[in-house]
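Shared between the two complexes below is chain A, which pairs with chain B and chain C, respectively.
The block that comes next holds the complex of A and B.
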């Protein structure tokens, strides 16, 4: 009897082992290493020798006191918030539009996926060509309308706006696809019943579509949030976080500290990375809490 | 019931076995490690930042023949230059370094500081033939940590047609005032003035340094009046429309693309663009970057150093030094530097290069006047000065601060970082 149970337990562990090993090797260990990096005073010398002294929270104090910290945090919040609002609103509008299944809707929907399929290096480079101050097509078009050229990428006032616009464009397809498939799960009879009761158009959207889409919306927003918080490539390719710090977010700042200089500062770089993880974690917990309350 | 359980148990057992095998495979020595007791003969690792060359190229053939001359087989890996610093640091951490490492010159002091490179004196490398201004970038605390394989630097390319249309004689441009006046004439003639790269990375500092040093400023005092005059020069060019606003975001490649449109009179760019210049489709010339009060400004040196990383097995140094001596010996330097489009690091080979191609004279002069960024005994203090410097350039050019304020802030940052 007991031997059977033990064998069963063993089998269970055998099946569990791959997942556990995978999680440990690819999630737990890198996280631990990143935490360890952020708690030690690394120089290139101690990095090579592996004898960096433990320095407690010094790296965190350094980054909190850094003049780049305030702007980077603010830009991260603005970048994420504005991107999410527009991505979600535009994605939702398009999803409702395409749900009406007219001719060519499948083709058009497929076309909307293009930004998502392009490699980020391609889309970011294309955006920076289009927004170039002197030879970009955006300023050329503005010129036709009699508007003075705008230094999209090179003025501190516009650089953050430019990278947000590019990021919204890239994120809309994701929102469109998820919300569209969410819409398909709402039974058509509900709309028919509502139409009989006199609800149609905007009020049908507000009273039926939106509430029934809430679970899908929540997960879309959460995934978008986690994804947007750590956006790095678009900003780095378009502006390098500049001019000065005007489009620096925590993600680009972390990269700049660790790799953007001839002399890497691994400790502070890891500390900024950990802050990002904590921010994403808090948002995930809020999501779980909301979900539990709904259930 | 019983059968399925047995099947399950067997599956679990099989999985465990597979996992054990995979894990032990991972933990065994990586095949690239050089320190596996090869003894005499054996395989020597070389890392270089020239991924554009494959095994059929003259460069890799030279590496192979140098290895054969030293009686060993060479295994060469080409990395992207921005990757190589981190790769080299990680390899040093794991005692897995290549036997010969070819790396961008300002990285030498970082790697030497990390204790990842063996000093030339310890490995028997001969650096006596090299020009001192080039060698200085690889010296830390008076000890050399590598041999320059070739050098490049910055100068001003000009478009002959644009200058002729604006009635500017490039030979008369010998100081800042003359250059600014020429830019004014070009703009009046309806063309664009000058393009350069002022991006917020090391590239931006690299391009600003000829003007910074040409004003007489020193990297140890970023807010000196001379430094402010250099940054004011650039800022004024932008304000007057002599240089495009896009320079703030230009890499040296995008800056070159602007010049290649044929609309610009001048471009600040490097030796490595010579091949592209020939393809540009218009006639071009080259003048050195002028200093403020006339003469040639010292431009920063680019180009790589050949170095020997620290090995736990010190017996390997002798053979590695032979390979390095072969790569940087006079007989091979000419071919190598022609392949890489570099100016040779020794006076003798420079003369041969000019004899072969007289157009290189301006570059040889520029390299002679050039300075290493990590020289003047700055070493690893240079990166901590360079970042505030490029930030100040960005702040002034984008109009968020005046040149004076921007450099004062930069000096404060640099001083606290290098304390």
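The block that comes next holds the complex of A and C.
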């Protein structure tokens, strides 16, 4: 019996081996390289030759003292928080709306997925042109209402708002689909019973839908958090984090340090990246804990 | 509220949500001279195909690269993920919870950090700006997701099916290849679709690992366009429309797989 079991274990690990090797070589090793980068003092030459001197936590000290650090952290928090609130609220409203099955609801729900499926560069460049100061459709529409043109992408006051708007647009479909599938698990009888007691519409939502949807909501928000923290493409393509850091987040700052300048600063870039990883992992672990408790 | 009214509201909401997509298509047909017209041309009545001609002239190599990278990523992802999913679902390896945990965590690592690590490794190994290098990096977006999807799907296969194959004298490998894989078609389709879409859409790995070479995908094609000073927005938007074709096809032919993939915790990178 033990030999049968051992044979099964051997087979099981035989099937798993490629992925385990893959995870070690193409996840663990790059992450280790990244950690190593953040602990050494690199120049372009020592980066190529690989003989950079060990410098302990110097890179971390450098980034904490950098004037970009405060704004980048603040923008990351604002970008993530505001995006999540709006994505979730809009997604929830749409999910409740689409749950009242009407003609075409399945087709329209599918169409709502389009923004989420488009390549981010496509969405980002479309929004860039729509938000163009002189010729964008957004400013033209505002002009009809008598509002003066807004320099969406080129003024420090509006650049963060602009990338948040685009990001909300991209994230709504995900919230809609997950919350909708959560709504489907609430039995209709509960609403019928509540209707007999006189609860319908908003009070039914507040007293029944929202409490029963709390587990799904928690998962949606935490997954959203993990994935919004690392948003890079949209911001980089629309504003490059600018003007003057006004839409810089940790992700775009990390990229700019390592790849955005003529003289790359790989050490500090990797250090910022590792900060980001710690934030993402904390949220990820909370997510896994909640999910396990629900299972 | 009557049902018709709801349908009407639903159509209006969808139209608002999809307006940027319409605008992209509209601008892709707009003539250069009308680009900055006020009021803007809301419909492409005096449309032009200039933008699409520019795509044909300039973007075909980029699109070809994207296609190759996408297909390569699909192949690599399925080959790696399907056996692992079979093992986790049916062969109960010791350490299964740990592996699942690592796969979930792996999906949460920001792409920019992976890109930096890959850059350092690729530079030394001399595989920057190569197709295999980009395929390998892009596959990291899809492999953990793929294993989890295959595991979930294959856990639902009846054990009797596998036992019947074993009684017929099939080895585990044979069972996997000739019994498990053919009945797992839906999982293969779901994983392949997402792997292709993510590889096709990838910008971070492309710009860091392939930005200086001969093999650049269409995301970089668009990016270079935007960076140009004489911005030809109809050409940019025409390229964007073409780059959106895979996502559209996906939605039309595989709607139910897409919804399943989203709710399985699949989240775009």
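The rule is short, and it goes like this: the second predicted complex is superposed on the first by the 264 of 295 C-alpha atoms of A that agree within 3 Å, B and C clash if a C-alpha of one lies under 4 Å from a C-alpha of the other, contacts with A are read in each partner's own complex, and residues count from 1 in each chain.
Throughout what follows, a residue touches a chain if its C-beta (ideal position, glycine included) is under 8 Å from a C-beta of that chain, and two chains touch if they have at least 3 such contacts.
Worth saying up front: this structure is predicted, and the values here are computed from it rather than measured.
Colleague: Pick one for A:26: touches chain B only (first), chain C only (second), both, or neither.
Modeller: second
Colleague: Once the structures are superposed on A, label A:169 by its partner contacts, choosing first (chain B), second (chain C), both or neither.
Modeller: So A:169 only meets chain C here.
Colleague: Of chain B and chain C, which one contacts the greater number of residues in chain A?
Modeller: Counting contacted residues of chain A, the larger count belongs to C.
Colleague: Have a look at where A:284 lands relative to chain B and chain C in the superposition and call it first, second, both or neither.
Modeller: Only chain C; A:284 stays clear of chain B.
Colleague: Quick check on the superposed pair: does A:121 touch chain B, chain C, both, or neither? Answer first, second, both or neither.
Modeller: Second partner only.
Colleague: Does chain B (first) or chain C (second) touch A:201, or do both, or does neither?
Modeller: It touches nothing on chain B or chain C.
Colleague: Should A:140 be classified as contacting the first partner (chain B), the second (chain C), both, or neither?
Modeller: In the superposed model, A:140 contacts chain C only, not chain B.
Colleague: Which partner chains sit in contact with A:11 here, chain B, chain C, both or neither? Use first/second/both/neither.
Modeller: In the superposed model, A:11 contacts both chain B and chain C.
Colleague: Going by the contact rule set out at the top, does A:239 touch chain B (first), chain C (second), both, or neither?
Modeller: first
Colleague: Touch test for A:155: chain B only (first), chain C only (second), both, or neither?
Modeller: first
Colleague: Would you mind listing the overlap between the chain B footprint and the chain C footprint on chain A?
Modeller: 8, 11, 13-15, 18, 47-48, 50, 128, 134-135, 259
Colleague: For the complex, which residues does chain A have touching chain C?
Modeller: Against chain C, the touching part of chain A is residues 8-9, 11-16, 18-20, 22-23, 26-27, 29-34, 37, 47-48, 50, 94, 97-98, 100, 102-105, 108, 110-123, 125-130, 134-135, 137, 140, 169, 172, 174, 177-178, 181, 223, 226-227, 229-230, 232-233, 237, 251, 254-255, 258-259, 266, 269-270, 273-274, 276-277, 280-281, 283-284, 288.
Colleague: Which bits of chain B are touching chain A when the two form their complex?
Modeller: 5, 8-9, 11-13, 15-16, 19, 23, 85-86, 89, 92-93, 106-107, 110-111, 113-116, 199-202, 244-246, 248-249, 258, 261, 380, 382-384, 386-387, 391, 394-395, 397-400
Colleague: Which of the residues in chain A end up touching chain B in this complex?
Modeller: Answer in residue numbers: 4, 7-8, 10-11, 13-15, 17-18, 21, 43-45, 47-50, 128, 132-135, 151, 153-156, 239-244, 246, 259-264.
Colleague: Which residues of chain C touch chain A in their complex?
Modeller: Of all residues in chain C, those touching chain A are 3-4, 6-7, 9-11, 13-14, 17-18, 20-21, 23-24, 27, 35-36, 38-40, 79-81, 83-84, 86-88, 91-94, 99, 101-106, 108-114, 116-121, 123-124, 136-137, 139-140, 143, 147, 172, 176, 197, 200-201, 203-204, 207-208, 219, 222-223, 226, 233, 236-237, 240, 243-244, 247-248, 250-251, 255, 258-259, 262-263, 265, 267-269.
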